[in-house]
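The two complexes that follow have chain A in common; it is paired with chain B in the first and with chain C in the second.
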Partner chain A sequence: MTIKFPSVDFFQELARRMEADAAEFEKLGFCDTTLGIQVNGDAPHLYALTFEVFDCTDVRELSSPDDAELDFTLAAPLSLWREMFESIKKTGHPEPAFTLNSLSHVGDQMAVVYDDPEGHDKFYRFMATIQAFVDQASDLDIEWA
Partner chain B sequence: MSYYGSTDYSYNSDFNLRIRDIKKGNLDFGWLDNARDTVEIRRRDPRRGLMLEDVEVGDYAVENAPEVVRENRGLAPRGAILAEGSDQPDLGPSLNKKSDVWGYRVQRYWEEAMSRQWNASTDVPWQDMDKYEIPEDLEYAFCQLCTLLSEVEMIATDLPSKWSHHMNSHFQEVKAFIATQCIDEARHAEVFRKRALANGVGLLRASVRGEHALKGILEADSYSEGSVFLHVLGEGFILTLFRSSEFISPTPVEQRMFQLVMQDEARHVSYGLQHLKYLMDNCPEVRPQINGFLDEAERHLTGLFNPDQLESMIVLGGKGTSPKCIKRGVEVVGAFQGKQIQEYFHRAERAGLPERKERSPLLELQERMIAGIQAANAG
Partner chain C sequence: MAYYARDDFFNNPEVLERSVDIFSGNLEIGWKDLDIELVRCRPSDPRRGLTFEDTNVGSYGWDQIPEKIRHNYSMAPRGAFLPEGLPHLGYDINRKSEVWADNAPALYEESKARRWNPTREVPWDAVEQIAHGDELERGLAQLYTDLTCMATALGDIPSKWVWHINQELLELKMFQCAQMFDAARLADVARKRPIAGGTGLGRDHAPLGELLKCVLDSGNFPCASASAHILLAGLMQTLLRHIGACSPNAADQTISRFGVQDVSRSIAYGVQHMQYLLNERPDEATSLTGHLDEVENALIGYLASPIFFSAMALVTAGSREQAADAVPQVAALYRRFSNEHRERRNSAGIGNDASPLQAFVTELEA
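Entry: the complex of A and B
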């Protein structure tokens, strides 16, 4: 089965996998944040992912960032999201240059957009959970938009 | 022994008679005198178990406690009954006002800290280290970085430990949260020490400048000053340094280590920000004092930008010691430092101190660094 990126289905599949792999995510601990994933390109998309306790409890596509209270948004062009997920596919974990922290730390390839520094700091407080969440895409057959 | 109590219970005849009577089965149930009404406890989210916030009810809730705690100077937990006319010892807490220590949402940070603990022995994939060959110059640079980070972690353990027993026991949640900080920081010192030694190079040069900066944290005159220096200023900078270190890590093993330490660090920063905000909201008269303190603390902090650390980061950032690598390393490290300063100003503004941006000596430092990088690039 192939799954399209970007799409609500894609993130819902990651949420389903997160629930199925409860042991890993319970070990990482409580994760409480609503974050945005923005995919820039000809047809830009913005998704709100809500994490509560050990699960991703809600995935929505937004027409505007004001439609949800986002702690922070990770914004990157489609080509970069693709490179990141293709890197994760190789071994189940990203190569060093493709961790979420590395991609978003230097330069402007992946921006971390935020209003409130406390919301921004949640990216770091829950880094291991958010990284493990995206790493679950390693064996997905992705159809790129 | 430095404390001899006012009563020697082992020779107190009333006490001994009473114990003998109890052993005969004559209970007087005095401990039920003045007991409070029972309370109704509701688990708001069963997935989280029973949270501290769930038991914040009635006389037990910090919201219902007075801003200044006068009646309890011992170890009685908030809500316990103090016997009338009792001779409770005075443990001499100096932090008896809620705004001295409290931070918004501190109970949540405690729960998060307890749930997100990790183990430096088993949660870093040490077994993978053999898979990677790290060039010698990078390994030495990484061990120098670990040396400075170990020093930083020592002070981050000592500052909360130093202040905990000065806090009135009414503020149990804050005492508990800073106890989690102590264990987090002890684990950070552990993981950096282990990593420095893991490939055999070991620890390199301790930092004179850095340690002077860290001494400034420990010597703060009040808990709030120590907290704003450690949690908001120092750990804010260290959080960015951890992000940078993840970025320039030689292998995924070190990257994992930094992903884990940054989570703890960001939680400490968040508590510090919420304490500063609570203080500014509830005790605005201390603003000049905090600003005056930060004027000096920010000067101190520049000690963390010491040459040994800077050089090691440049070697790691540029991935080598050739002139080309060093040039690249200078650029990468310059970008980190600008970010550290900007993120600190954002946090200060959020906590209610927007004036830091105008009065901070860090701005001049940043300008000097930018000029240095431009000169290096031109050369």
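Entry: the complex of A and C
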């Protein structure tokens, strides 16, 4: 199945896989946050992903960051998202340079945007779950926008 | 032994007579008749189970804890019947705002749910096949040695204060127990990693000791909380993130990812603790700000220490030849850390844009 990135369908598929792989995500523990995924480029997109307990319960595309209460937003150009997912595709996990932590560490590749430092720290409190969530794209056939 | 029970039970014939009477089947079961609140609690979300939030009802809940606790100095859990004559168990922190944060009960549940076991979950075979150079490994060993010391201190802070805190604040005390275990796990894995890697541990150094002593010797719990949970845990979060970003080794990736989660819960508690305290007692902001500035002074000694700075440069560059070129990256990391620290201080209500750390990083950039 080919699935377009970026799209609501793409993140809903990851949410569906998260629910299907309950044992993995239950082991990682509760995850309660609403985060933004921002894809910059000629046609920018912003998505709100809501995580509750062990699931991603809601995926929405936003027209403005003000349309949802986002704890933090991971913002990067489409080319970087593509590099990250292609790295994940190789072995099921990203190469060290392409983990969410590495990409966002100093902020010069992937920006972590937030209003409230407590929201920002949720990125780190739930890091393992969020990384495992994106790693599920490893065997998706992605059509790049 | 400093306390002697108010009765010499062993030599009291009434105690023996009563025991014999009970053992012969004459049970005293009047204790069953209690005038206490009866409630029923169920998990609001079955996937979470029965959480503290679910039992935050009526007299059992934390919402009814008074700011000044004058009615209970016993070990009894909140909501239990308290007869006359209970001994005072010596609690000397009896004020809710001294320790409370509204997120503490949920952080305790989160800590249990997100537990991990480095003994089995770190891919230790990756440490047997280290693909990076000896110099990067040596730099990592030094940072892990420092992290072991910091994690030990981060566990010592709640253990130093928890037994002073009134048992009415039980959710907070249980969160502190979780903090101790989180810190023990981090000290455990940070120490094991360089030993397993074959490089062995690095060296202790006075600037780190000065910083940790400033944190540990905080004169009251709010000062200890501000310096341990906002400053020290924030520094540890940055170091763990940096190790994850610089080391290509799968073991380091795992330690970084899970370690960051553990220290970030302490940060979340620290910020909300300050918010709760200053909402109740805004005048405390001045002394807390001054204390944190003083601990930042010791932090500068650590950040500027040759051992730490050069270990950071070595880990950032990956080799000694390129370490000098990595200095601007280390400076950029200091800027990011100081910015995040300033944001947390501001959110907590103890901000100081001209604090020693801010001034130091600005000087460094100049």
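Everything below uses one rule, namely that the second predicted complex is superposed on the first by the 144 of 145 C-alpha atoms of A that agree within 3 Å, B and C clash if a C-alpha of one lies under 4 Å from a C-alpha of the other, contacts with A are read in each partner's own complex, and residues count from 1 in each chain.
Methods note: a residue touches a chain if its C-beta (ideal position, glycine included) is under 8 Å from a C-beta of that chain, and two chains touch if they have at least 3 such contacts.
What you see is a predicted model, and the numbers here were worked out from it, not measured in a lab.
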First (chain B), second (chain C), both or neither: which does A:W144 touch? neither
After superposition on the shared chain, which partner residues are touched by A:G29: those of chain B (first), chain C (second), both, or neither? both
Just to be sure I read the superposition right, which of the two partners does A:V53 touch: chain B = first, chain C = second, or both, or neither? both
Across the two complexes, what residues of chain A are contacted by chain B and by chain C? 28-30, 32, 53-54, 96, 99, 101-102, 105-107, 116-118, 120-121, 124-128, 131
Report the residues of chain B in contact with chain A in the complex, numbered from low to high. 45, 47-48, 111-112, 115-117, 239, 243-244, 246-247, 249, 251-252, 255, 258-260, 262-263, 265-267, 269-270, 273-274, 332, 335-336, 339, 343, 346-347, 350
Listed in rising order, chain C residues that touch chain A in their complex are 45, 47-48, 109-110, 113-115, 237, 241-242, 244-245, 247-249, 253, 256-258, 260-261, 264-265, 267-268, 271-272, 329, 332-333, 336, 340, 343-344, 346-347
Report the residues of chain A in contact with chain B in the complex, numbered from low to high. 28-30, 32, 52-54, 93, 96, 99, 101-102, 105-107, 116-118, 120-122, 124-128, 131
Residues of chain A touching chain C in the complex: 28-30, 32, 53-54, 95-97, 99, 101-102, 105-107, 116-118, 120-121, 124-128, 131
